[in-house]
Structures are given as structure tokens and as C-alpha cells.
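Take a look at the structures listed below.
Common to both upcoming complexes is chain A, partnered first by chain B, then by chain C.
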Partner chain A sequence: MAQDGPQSQTIAVIGGGIAGVTAALEAAETGYDVILIEKEPALGGRVTRLNRYFPKFCHPTCGLEINYQRLRKNPRVKVLTMHEVTAVEGEKGAYVITARRLPRFVNEKCTACGECGKVCETEIDDPYNYGLGKVKAARLPHEHAFPMRYVIDAAVKGTDDEGRIAEACQYGAVDFSEEEEEVTLNAGAVIWATGWRPYDATRLETYHYADSPDIINNVEMERLANHDGPTGGKVVRPSDGEPAKKVALIQCAGSRDVNHLPYCSMICCLASLKHAAYVLEQYEDAEVHMYYIDIRAHDKMQTFYERIKVDPRIKFIKSKPAEIHPGADGRPVVKGERTIDRELYEESYDLVVLATGMEPSAKDISASGDVVKDEDGFVLAIESGDGGQVSCGVAAGPFDVALSTQSGTAAALKAIQAVGAR
Partner chain B sequence: MTAAIPATSRTYDLSFARWVRENVKGGDKMNLCMQCGVCSGSCPIGSEMDNGPRKTFMMVRAGMKDEVLSSTTLWNCTSCYRCYVRCPRGIPVTSIIQGLAAVAAKEGYADKEKVSNYYFSKAFWWSARSFGKTDERLVTMKYFFSFGLVEGIKRALANLKIALGMVKAGRMHIGMPHSIRNKSQLKAIIAKAAELESKG
Partner chain C sequence: MADETKIGIYLCEGCGIAEAIDMDELEQTVSSEYQVSTCKRHAAFCSEEGVAVIEKDVKDGEANRVVVAACSHRVMTDRFNFDGAATVRANLREQIAWTQAPQDEDTNMFAADNVRMALAQARNTDNPEGHENVVKSEKLLVVGGGVAGLTAALEAARAGTEVTVVEKTGQLGGWTRKWSRLIPSRPPYRGLIANNTEELIKAVEDNGKIKVVTNAIVARTEGMPGDFTVTIDHGGSEETDTFGAIVVATGWRMPDDMTPYEKYGLGKVDGVMSGVDFEEVLAAGVEKDGKKLNTIAIVIPCESEQMPYTSGVADRIAIKQAIQVMDTNPDAMVYVLHDNLRAHGQAEELYREAQDKGVVFMKAMVKSAAAGPELTTDDLLLGQEVRLSGLDAVVVMTGMMPNSTNPDLPKAEKGNEFLCDDVNPRVPITVNGEDAGDGDAARAAPSDADDEGAGVAPADCDPENPPLPGGALLNLQYRQGPHIPILYNGFIDSHYICFPYETRRTGIYVCGAVRKPMTAHEADNDATGAALKGIQAINLVKESRATHPRTGDLSYPIFGLDICTKCRRCTVECPFGAIDENEEGYPQLNPSRCRRCGTCMGACPVRTISFKNYSPNMVSEMIEAVEQPDPFDEKPRIMVFACENDAYPALDMAGVNRREINKYMRFIPVRCLGSVTLVWVSNALEKGFDGVMLMGCKSGDDYQCHFVKGSAIAQERIGKVEETLKNLMLEPERVTIEEVSIADSKRVVDLLGKFGDQIEEIGLNPFKGF
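Let's turn to the complex of A and B:
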């Protein structure tokens, strides 16, 4: 097939979340070389930040750990962390991927002994916890990190910490000479597994997310409930640490809205039902109100919805709230119209969780060739294209974890067909 | 809005939604409504409305023509456009409510017992048309006396204290009505607008 010169058979996977890791492993286990490119210091993406999965409440760490085991055993997958892809150009067999390599200041000699973290005094907003807590600038990204290697934030540069950290490392793993640089990578096929980010809740002006620490979004709720989150797993009010017993869950916060994300993200209703379960599990006298337009618990998820629904402590209110703001006593107030009986309501809560939707991260990456981005930023393969680029996970559409892994496997199959049998 | 409204003898006029769609400005967008309630919840005077926009839309769909056209919702709207701006489906809610009010007035649904704002709108328009400005005293008086002589006197007396307070605070003037210069130009503008409207 290599009539026009050397044709690469390497498959590049952009994004090391659950879809990307799955696609990379599936392709590598059939015998192809894979480059897995991740912009964060560790793999796992959004999934590693979740507390539990719906509908079975199992731990995401379980599935990730199995995948990391597979990665460790497979020399065909080359994992590149802290590489932020900016553009993909070229055609099947000869793609050029441009990425910004961000400085980690820690090389592969790191043993994760933790001495650098002990001497580091600089603290930064913890990106793993969506900024909900502080963390040392020299840190392990999180306890389950793959690769198990420290990362140092550029905030220490020029401070006393810089010398202290370099001195603390006994393995010569700290390297402050690293600088951001542009790198190019070559591949024969490209799998877009770029995933998503939560829609920016500050843009929902009437919901005053920025004006109260007790108005949070759904991904932050996962961190609050997680044992390695900022509160050690207690669902409390971020403002004063008091138990969050009366909680409002707001569906379609910016979703199905032409002013924000026009589509339904499919997972939010189910994630919110899960959040209800977190609160109900922690407090005997909890009171959870779920505000919704309609509950979208697709096929088998209906059973999950019905299971949560029977608890008398959860109430479903059919209404998209018109306004949410901090009240006179500081507690967030939710206002709107109940659409079943047309009553106007105004109710205070300990905690309000905005179920913000998934915005595709691929919006930031320039695509060309046989993929296009639709008007919402999702990446779609062109039917008539050469098949060298495919997408999976939330890069392709708003999927839950199960569909993301399925689509990851499907993408791996398409990619190995594209680079051809050997 | 040129087509005649379909006549109906039943409570539920199933052709009403289609008629609204075809004849009311913005009515073609009404079928996008997903009944989320943001419009009614956002309305600053939602508590003064019997139905609010969301329920009104559902009633149009259900063919409840009489109830929709005699509702206070159409007349209590202040045109702040909050519902329109916030609607997640981009439905021109305000325009539809105003359009339905115009139909209600034309069709004789504006019942003064229920929709007194209709008379306020008329008084306001009378002042704007006559003087090019609104005169707070005359608009109020004209509005009060649209309910009859006795009711007019009753309302005027009931509001006397407020009126005197406003005079004292300089918020209401005594003397000749405020008026613009060149009223003939205003009349020409209004005549032209009426001509354009009659042409559709």
C-alpha cells in the first residue's frame, strides 16, 4: 500500500480519558503501535474524578486500574502526558500532529517518594478537584495517578521552593530547565478521544454560580463526595463546612438551551440521581429536590431512576428554575414556576448543584482532512473520507462511560483497518 | 394578521393553535416550547398573571381559545422582554403575548372587569397620540373614567392622596398638558403607520 512513500502504521490517540485509554489498548493488543497523547499530568480524564458510576455505584478506579495494568504490560503503547494537541493535519498514513509540550519539571527518574512535596511551601488551586481545595505545587496529581510521577507547578519558579525542591530529590528527577515547546508527532491514523469539559457555569448569569460557594456544578459534587476530594467525602457546604442536608439538583443548567449548549448531554439526569443518592446516604434527615424539565433516564436507566425515586426524602419538581442567587441569610435561593400546578416558588437550600452539560474539548483543536466538527464542536468522520481519522467518547457525542468505552473499541477497529493489515 | 379568526362554538378549538401559528407574530416558533417554565418563573409580575406565558402556550395548543383570549396574562405583560431573552428555545415570548393581546382586543375579548390594562393601554395611546407625550394626570383620569362616571370618581378620590404626594414631590405637574411641538408631523407619522398596517 505504500505507493506514495513511507506510510505510517502507528495509531495516535488524542486524549487519555476512558475512551482514549480503551481505544489505545484495544489497538495495541491487536499488534499496532500506539501513541497515547494526554494534556494533563496523568491519565483518566473526567472518569478518574468521579466518585461512583451510575447505575451500579461501583468505583471508577476499579475499571481504570484494570486498564492501567494492561498499559503497563503493553510495550506498544507510548504514553505522552502533558502534551496538549493544537492541530491535526495530513492524510491517512501520514498525519502530523502538533502539540504543546508543557513543562512537568519532573523526569522519568521520579519514584513518587514524595520528598519534594514535603519541602514545597507554595500551594495552588487543586486542578484535580476543580479548584475546590488547595494542593502543594509539587504533588502527585492524585493517589491513583498513571504514570505514578510527581508534577511541579510553574508557580514555584523563582521562589525559595525551587532550590528546596531540587535539593530534596535524591534521584535527580527534578529538572527546572524544562520549558514549554512545540512538538510534532507522526501517525498513520488518528483517534480523537478529546473528551469534554463542564460547561462554564459562570455564563449562566441568572444562576449566580460565581456569587456563592454553595452553588456548585455536578463535577464538583463528585469531588465533594469522593474520599480523596477536598472534604474527604463528606457532602458539606463549601462556604462553612456544615452538612448539606437540603440540596437542590438543577437539571439542564445551560443544556437544551440555544443561548448555551443546545443539545442534551444525556448523562446529567442520571448523574444528579446519583448525587441525590450521595446525600441521602450520608444524612438520615436529608431533603433533596430535583428540578427538571423531563427526566431523561434512557432505556435500562429507567430502573435506576425508579429505584432512587421511591425514597420519600427526594422530591421531583417539574420546572427549570428561572433564578438562583444567594439569599439574605447567605443560603442559595431557587426561584421559578412549578409547571404542574403553575405555582411560583422561592426556596432556600444548603447546597445547589447545577447539572451543567458536556462541552467538547475538541473545540480548541484545529481539525482538517477527513473529520469535521459539527456546530456544537463534536468531531465526526466524513463518510467519504479516507477513514484515517475517527472519533470516540465524548469527542464524538455526549456519551456516558459505557458508551464511551464501546465507541473507543469501535474507533480502534476502524483505525487498524485504516492503517491496514500487515 | 389579516386572516379572520376561525369561528368556534366549542370550548376547545383545535384549529386555534394553527391559526396562532399562521397569524400571530412569532407564533410559528411557539411549537418549539418545551414547557420548562423559565418564562413564567422569570416574569417580574408573574404573580399578577392568571396563567403566565408557559401555561398560555399550552392552552393555545389545547385549543382553549376563549380562555386564552380573555386571560389577564395578555394585558399584564410589561414588555420587559425577560422571558424572550431567557427562553432556552429562543421563542419570542413577548411578541406572541402582545400578538395574542391584539387579537383579543380585535375580537372583543377584552373584558373590562378582567383586563383593565386594556383601558389603560387605550388611555396611554390617546395621550401619546394627542400630545406626543403622556400626561400623567390625563392618562390616569381617562383610565379611571373608562369604567363609568361613578367608578371614575370613586377611583379618583381613592388615589387623591397619592396624587397630592406626587405633586408635592414634583412628580406630577399642574397646568397645561405637556405637549410636543409640530403635532402635525406626529399626526402624519401616525397616519402613515395606520396606512401601512391596513396594507398588511
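Let's turn to the complex of A and C:
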């Protein structure tokens, strides 16, 4: 580029979920340098925690594995984990990204041998399992973690574990002197791939999510069904570990509601149909009730819906439940009125799954310059499309995985244009 | 590369390896059995000092092949990467130290075998150098001048790429140009927006890097990425140009079969029209034949079985059209008849706008249509029949049929069978990882390659889903036929969740409604990604590197034609149609079409296809390198060929979880099960292995093979192994194939355990010891 070109030709991708990983790789494989910035200790974001994808029932780690193979072979992508971006400033060609570097207490000398985990006695709520189970404070984030490196929770600081862990490591990889610090990164273009979090179900007051372990949300259901989840893949009641055979799936828990999330989160109906399949597969005498407003099978997914629908053990009830609460026997009870025949119902279940919607994580990050956020927190490139900041995946809108990978690829080209295509 | 092979082997003692394995004994095995240049031990070769040890040896010419006996090849890849020395990994950590009883005799035997196999591999491998440069053009061809095609062209041009757009009609802009108002894509997500297609057309026409050819189709496409020779038929006169990559954006059409819509009166009752025709009415101010239309019912059919091209796009367009009517005439009466209203994403706001403007949404199924027009419906909310009469118009949202063929052209004579659906979403759901059935393998792969000039045997043709009508879009002059293979319902795609742009024809990417049903705005974003993939493919091919999924790989198959029998199995089985036949009938590789999966290698009965770093000989020597214990020791050996993309990671993760793996197993990672030749299976049995297991991805419907057909082809081949076993007087149960997913880190352990037990029950291979 001529001297009036961008100061930096590096593309920064914020968020190492499926959209961000895709965007980073697509740009790097086209010949551009990329910094991939992830706040968690490993890549993969929401999808690595999913059991399966609709409509193929294939495993998210399968596609991630290919992407990690691509990352391992591509020196153009610099992966930063445990970097939480707080602000993006500047303009096309010269952005400054501010991030909090969170202490991992484990440096790059870690071999993932596991000795620190063996001696660690402190347990924490497993963040990988959304707190559904306990995990050692010194741990590999999960079996498919990339990078394959341990992380130690600050909970061990000041305990006997601290000394034991430091001593157990034979590779000089444990470093308790690490402290949170602010770092700045420079880039010529920024791809927002910050993803989402499930809508906070405690805000749906009448659904009493916090009052029963057997009222869970949809991302927790994925962990229950996953072979490396807290139950080893058995869909059971979190309260007592008994089989969850009679299950209610509650659609639009937050979504399509101007008091919560005004938009439709797009994925929940199909994810719930998938959850129905998990239960139906595990228990021959299963009974699944899906409470819905509309079953929104987008693109060509109608076929998927029709496939699940034929199972006589699943019942679709058009109704938005008025209340969900723990019953006298402890089992959660779903109450409301059926929209079709106006009959009132009050039915108890082994497990109730709230199909909580997707809330954009970009809400928390300060953005400025050539990017706008809509009222819901989704990030949009400026209307002219001439800026150096673009978005993809759920940072851009309520998308499914196919749209996230697709938009990640598109974002890579927009970023390449911004840093000055060679 | 030095002439003489000098192997340096590095035995790592870290991560529990030295605790589990007798390292002195292992070193002894190496020095007594092999002529290596150097054998070193270190507490952690991945450490800075450890890497420096190896680097020094390479630099000093001590080693031009490096064997790192440490962790799995899936980790520390960047550190164990040495300029000037091919690196091979022996998995002692995940596979042995973390899965076997420490300091056990069998554990040490396992470790010795892994090292032996790695040494055999090292002797038979070399760093690949990449094929000759084939790039003759870095231009992009875009087929289709609708919103998707125009956007792809413009976005590619903005990134500096020269583009030619070929449009079939005389007018750019496709369907979208005809719509008077569009769905908003930005906040506040309500309020229809003006159609900006004319601006898009102008931007394309004004762009110096874009050449537009209208009234033209692609008559023929020859060659490969970097060198596609394309003949463009421009109203009868032909013009030839060369392109680096191709974006297909041929969009959609009304379904060829409109009979399912007759129950709504379409084509039968006056006043009933399609959503497409209704756009003209909307553009004319909601007037038809000079008459204002005030009372309108918009019907959204959604039963996918009857109407296979229905999609969620219809619902959003119905809402848009309803709003447009109300915007033009606030006193109008619009009913939208739906089952589940699919206003997903931000379209919820549009739905709200329509309700605010008085549109009546009815959850109702149309039973019949009669003159008037009037509709008899089952209103699902009222639970009763509701008749809508006095309507000025009934609008039926018909489906979007992908233009994966050109309906204006006659069916291609040869290769049309390749358009058969090979994924059927209506098969019963199996989510437990077990094989769905035996039928898949037989359907998925051609059984007889000797069939003269027949292309791929259409064994996978579903009679209920016959090939689509029409001619080929690009008319590919490929041995496997002129079409781009499709998925269910005719959409061109191959891995629509993780890798949405990939097709089974390298360097050819699809976007817009030919890939999946989408709105104009969605097509816009979709096209941008396809443009990137085209540019990326050209860049990779310039460096002789592979595209997805082995992106960047420099290795490529080399054909030893001197012993080739012209059996054509390689040209038929290649999942990507990369291999043609020359005039003499010999295979001719188009290197940049190749994805490097090795399916051709697995297909070749005379073992004359090989990669520099992956060959029939290399694996045969690895098989032979495993020591077969004396039969009196009663220690079976079982060879497992594991797909490196899913099965092998699952095995690694069994190690990460410290799950015990059957101690008699020996593993060889393979690029894809499609690359496994039966010769390896018989080799293993002849050398005394007591059993052989192939571990690959799910095949058939809803396949999960990254190379689409590799695992299906492997199943097909294994189906024939029984004969080989009979000839060897061996039990057929000694050879098995298992579909394994990457999430099977528990299940693989059980599978291996059971197979091990089964082999022990059958007894040792009588060949052992010979």
C-alpha cells in the first residue's frame, strides 16, 4: 500500500466462537495476519458446549477439530485466550483495542500433563458446564480444549493448593504472580464475533428458574446430554439424578417479548426439537411436551420439524405458560391456558427446559467510530459499508451456526477490503 | 533435501511417559533394531531447551527426518516443526502413558511398536513440495446476475479482483429488481425500505474491474482452479476466457411442479396468484387490471413433503407484502393464513408492524379454494371451519426451487445421475451414534468401475427423487459429469453447517438461493463470503496448496502410470471429481481440484498412487514394523486404521480422560477412511495381525465425512473383504468397520474392548509366526 494506506494490516477478531474462528481462518488463509482474541481459556465459545447440531445431529467438535487443525498449521493467526475486550476505538486502518488480560496462572510452558490437577483439592463450579457440576480449580477447560493448556482458578490463591500446585508442575508452567492487566492491541480492521449469552432466566420471574434445580435453560440441557457433561450424557433431573422422562420444553423464554428480548432468537425452536430427540432417544417411555407460540423452522428446516413431529411421544401445545414453579412434591409444575382449546392446564414434569433466547455479548463492550449497536446490543457495520469494523455471528444478529459461519466468511472479506487488499 | 536419509529420534520422558514406559528398554529397541543417526532423551522435548536440541541436530545435518516420540500429533504442532526435516510423531502420551498400566510388559511392547511404526513412517516420508504452478488466471467468474451474483462481483472487485459476470437474461438484477419494496435489514427493523437493486447494478456496471456479459450462458468449463477455461455462449457466438475460480449465483425459480399449489386455487381459480405475481400488483399500487384490491388473503403453505421448496422465506415475504398493502391502502383487509408463522430473527419486529397496521393473522389451514375467489379453511385457533369470501385476491407463497440446473437447457446426456440426492432428511433419526442401517454404504459408492464410460453408477439414485431436469450450469468437462453435486431438494452444498460454501467441485463456490432459500438481504451477505472463498482458492492454488479441509497442504497424489491398469477406480471414486482420463484411458490428475484425501490411493488396486508423505508403501511398512509376539505368548495384535479427523481425536480424548484402551491395539491415523486400501487390510492379516478395525465417520444420509464419501466408500470396499479373508482361510469377523464420531471418547474404548474380546474368542491368526 502507498503511504496513505492503513497503519496496520492486521485484522483483529474479537471472540473465538465458531463465527470468530471461521472469520480468523478465512482471512488468514487468504493471506492476512489475524489476532484472534478470546476471553475464555479455550476457543469454541458456545458451540463447543453443545452436544449436537440441528438438523444433522452431528457434533460441533467435529467441525471445530478441522478448524483447530487449520489453526495449528497457520502461523498467520495469533490466538490470545483470556483476553476480555473492553473497548474498541480508532478508525479504519488504525484501531486500538483495549482488553483485560485475565490471569491464567499457567504459562505457555504447560504441557497439559495434569499433575497440577491431581494435587489440587479446591473445587469450583465448572464454568464449562455452566456451573452444573464441580471441577478442580486447576483443570484442562475440557477434553477438546484448544489450546490444550491448563487453567487455574484464583480460588486456590492463599490456600495450601497454591504451594502444592506450584510444586507439582515440573515444567515451570505455573505462575501465581500473574495479575490482571490492561493491554492494548492495534489492528487495521476489527471483526466483532462476540457471540451471545443465554437470556438471564431469573428475570422471567413467574418461571422460578432459580427456585428449582429441575427448571433449567436450553444451554444447560446441552450439557446434560453431552458425553463430557456433568451427567456423562444422561438426561436426568439435576435435583436427584433420576431419569428425566417427562420433560417440558418452554419456547420463547425471553424472546418475542418486548419486556425482555423483542426479537425471535431463531435457534430455540430447532434446539428444543433437538432436545426432544435427546430425551426420546434415551427413554423409550419418554413424554415430551413442547409449549410454543410458533414452531419456527427457518430456511429449509421444516423437514427437520416434521421428522421429529411424527414421534407419538412428543406433544406440541400452543401456549405460552403463565407460570412454572416447584410443586408440592418438588417436581416443577407448568401452568397456563392452551391457546387452541382455551383449556387450563397444570402439569408436573421431571424436568422443565426454558428455551432462553440469545442476548448479544457485545452489549458489554464499548464501541465507537464506524460501527453502531442497535437497541438490543447487536453490532452493525455503518450503513455505507466503508468502515473497518464489521460483525458476524450472533454479534450481528440472532443467527444459527450456519449463518454464523457464513457471516464469518463474509466478514473476513470486508475486513480484508478495509486493511487494503493486496 | 539430503540424499541420505538421516533419522533423529527423540524420546520424550515428560507428562508421565517415563513413569509408564521403560525408557531404557525403548532406547534399546531403537538402537538394536534401527540404524538411526541419533537417539536422544529429554524430560520435555516441547520445552525451549528440548526443541533446541532437535533444532541443533537438524541444523548440524545430524537429522533430516525427525521422529518425536512424545505426545499426539494433534498437540505441540507448531513447536515440533523443523525447517528442512520431515517430522513424524509417535504417540506415547495420549495413546499409551495415559491409557495403559504403567511399567507393564504390554505397555512397553505398545510403546516399542509405536516407535517402530514412526520409524517406518519416517523412512518412507518426505516433505511435500507442491505440484507445478497451474495458475493461469486470477480472475473470478460469477454465474448469475441477480443480487447474489452482483454482490459477489462487486465485493470481489473491491478487494482488487477482476470479475466477469455472466447473466442468462438481458437484464441484471434478477428477481429482486422486480420487487418494489424490501424487508428492512437495519434498525428499527420495521418500515419497508426502497429497492436499491438499480444502484447495485450501476455500481457493478461502473466498476472498471467488472465485465458484464448478458444474454449469455456458460457453454463449457474445462480445467481446474487457477485455470478454468470457460466458454461463454453469448447469443450463439462463443467466447473463451480463463478464470481462477467460479462463484455460482444462479438463484431460484418457481417450482417446476406447481400442482401441489392447486389446492389453494393457484392456476385453477381466477384471482388466485403466486407471491411472485402479486409483487407486480403491489408495484402497481395494489391494483390489478385497473381495479383496486382491498380484501386479500395471503396463504403460506408449509408442508415440506408436499411442497419441498417451502421455506421460512415465504413467511417473511408474506408479512412484507401484507404491510405493503396496508401502507398503500390503510383501509384494506389482509389475512395472512399460516400454520407456524416463521418470522424469525428481527422479522419479529416486522410481524409486530403488520399487526399494528391491522393485518389479520390466522392460524388456519386451507382446505379448498373456489371461485370468487374464496377459501375454506380450518381455523386452528377457533377450532372450526372458517370461510373467507368476498376476496379480491388470494396470494399463494410458492416455494423457491434452486437453479442448480439450467431449465432452459436439455438434460445433460452424461453425468446427470450425479445430481441424485445423496442426503435424505427424511430417514429415521438416529442420534445415538449407531449406524443407521446397512443400506447406506451400498447406496453411496459405485460398485463397479469397469462399466465402460458410464460415469458413476447411479446406485444412490432415489427413484422418488429423480435427478432434476435441465442442463448443467457450468457444463463441467469432468470425467464425473457436467454437474455440481447437490444435496437434498437440489441445493448445491456439501457441509451446510460448518463450511457452508464448500461444494464437491473445488474452486467453485455457491451463494444465494441456489445454496439455500434466502431473502435478498441474506443473499447479499452470503455473496460476500462466496467472493472471499473464490479469492482464497486462487491464492492457495498459486502456492500449490490444498483448499478445504486440508487447507494449505502441499502434498498431492502422484500416479505411477507404468503399472496402472486403467481400471478407473480412482477417477470414479474421487469425491471431488478431481481426476479425469486422458485419451489413452490413464488417470489424469487436475492437481488444484484435488483435496488430498487419498481416496484415489485407497481405490487403486495396484498401489501406484501415492503422496510424498502418505503412501501405500509407507503404511504397509508401518504395519510390518509392528512386532508380532510369539503365538505361545497369546498376545493378539489388532490393527486400527483411524480417521485423523474424528476417530483419532476421540482416541486422544480417551487418553486425556485417562480411560484404559485395550492393550493389544495398534493405531495408524489415516487422512480419511477413503484412503484405506484393502491391501493394508490383507497385509496386516498376512503379517500376523489377529484383527483389523477401520474407524471412520458417519456415512450415507447426513454423512459426517469431511471428504463427503470417504467413509461410505470404505464400507463398500470392506464389504468385499470377506472374499479375501476366505482366500486366506480366515474368519470374516476378524475385520470390522465402525462409525465413530469425535464425541465418542468413551465409546471408542468400549468398541475396542469388545473387538479385542471378540478376537481373543476367535483365537490367534494362524499366520502368526510365519
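Some notes on this structure:
By definition in this document, the second predicted complex is superposed on the first by the 413 of 422 C-alpha atoms of A that agree within 3 Å, B and C clash if a C-alpha of one lies under 4 Å from a C-alpha of the other, contacts with A are read in each partner's own complex, and residues count from 1 in each chain.
One rule holds in what follows: a contact is a pair of C-beta atoms (placed from the backbone, for glycine too) under 8 Å apart; a residue touches a chain by one contact, two chains touch by 3 or more.
Note that the structure is a prediction, hence the values are computed from the model and not measured.
After superposition onto chain A, partners chain B and chain C are found to sit side by side with no clash.
Residue contacts after overlaying the shared chain place A:256 against chain B and chain C alike. After the superposition on chain A, the angle chain B-chain A-chain C between C-alpha centres rounds to 120°, nearest 10. Residue contacts after overlaying the shared chain place A:323 against chain B, while chain C stays out of touching range. Of the two partner chains, chain C is the only one that A:417 touches; chain B does not reach it.
Of the two partner chains placed around the shared chain by superposition, chain B is the only one that A:336 touches, whereas chain C remains out of contact. When the two complexes are overlaid on their common chain A, residue A:121 makes contact with neither chain B nor chain C. Look at A:242: by the touch rule set out above, it reaches neither chain B nor chain C.
Judged by the touch definition given at the top, the superposed model places A:211 against neither chain B nor chain C. Of the two partner chains placed by the overlay, neither chain B nor chain C lies in contact with A:179. When the shared chain is aligned, no partner comes close enough to touch A:364: not chain B, not chain C. Between chain B and chain C, C touches the greater number of residues of chain A. With the two structures overlaid on their shared chain A, chain B and chain C come no closer than 5 Å at the level of C-alpha atoms. The intersection of chain A residues touching chain B with those touching chain C, taken from the two complexes, comprises 256, 318, 339.
Contact residues on chain C toward chain A in their complex (touch as defined above): 14-16, 43-44, 46-47, 71, 74-78, 155, 158-160, 186-189, 302-305, 310-313, 340-349, 352, 363, 380-381, 383, 425-426, 429-432, 488-489, 491, 495-501, 516-518, 525-526, 528-529, 531-533, 535-536, 539-540, 549, 551-552, 645-646, 649, 653, 656-657, 697-698, 702, 704, 706, 741-747. Taken in their complex, chain A has these residues touching chain C: 18, 25-26, 29-31, 51-53, 55-59, 61-63, 65-67, 69-70, 72-75, 109, 111-114, 140, 143-144, 148, 170-171, 226-228, 232, 255-256, 262-264, 266, 277-278, 281, 292, 294-304, 306-308, 318, 339-341, 374-375, 380, 383, 397-399, 401-402, 405-410, 412-414, 416-417, 421-422.
Contact residues of chain B toward chain A in the complex are 34-38, 40-42, 46-47, 51-52, 54-55, 86, 88-90.
Residues 206, 252, 256-260, 293, 318-323, 335-339, 342, 344 of chain A are the ones touching chain B in the complex.
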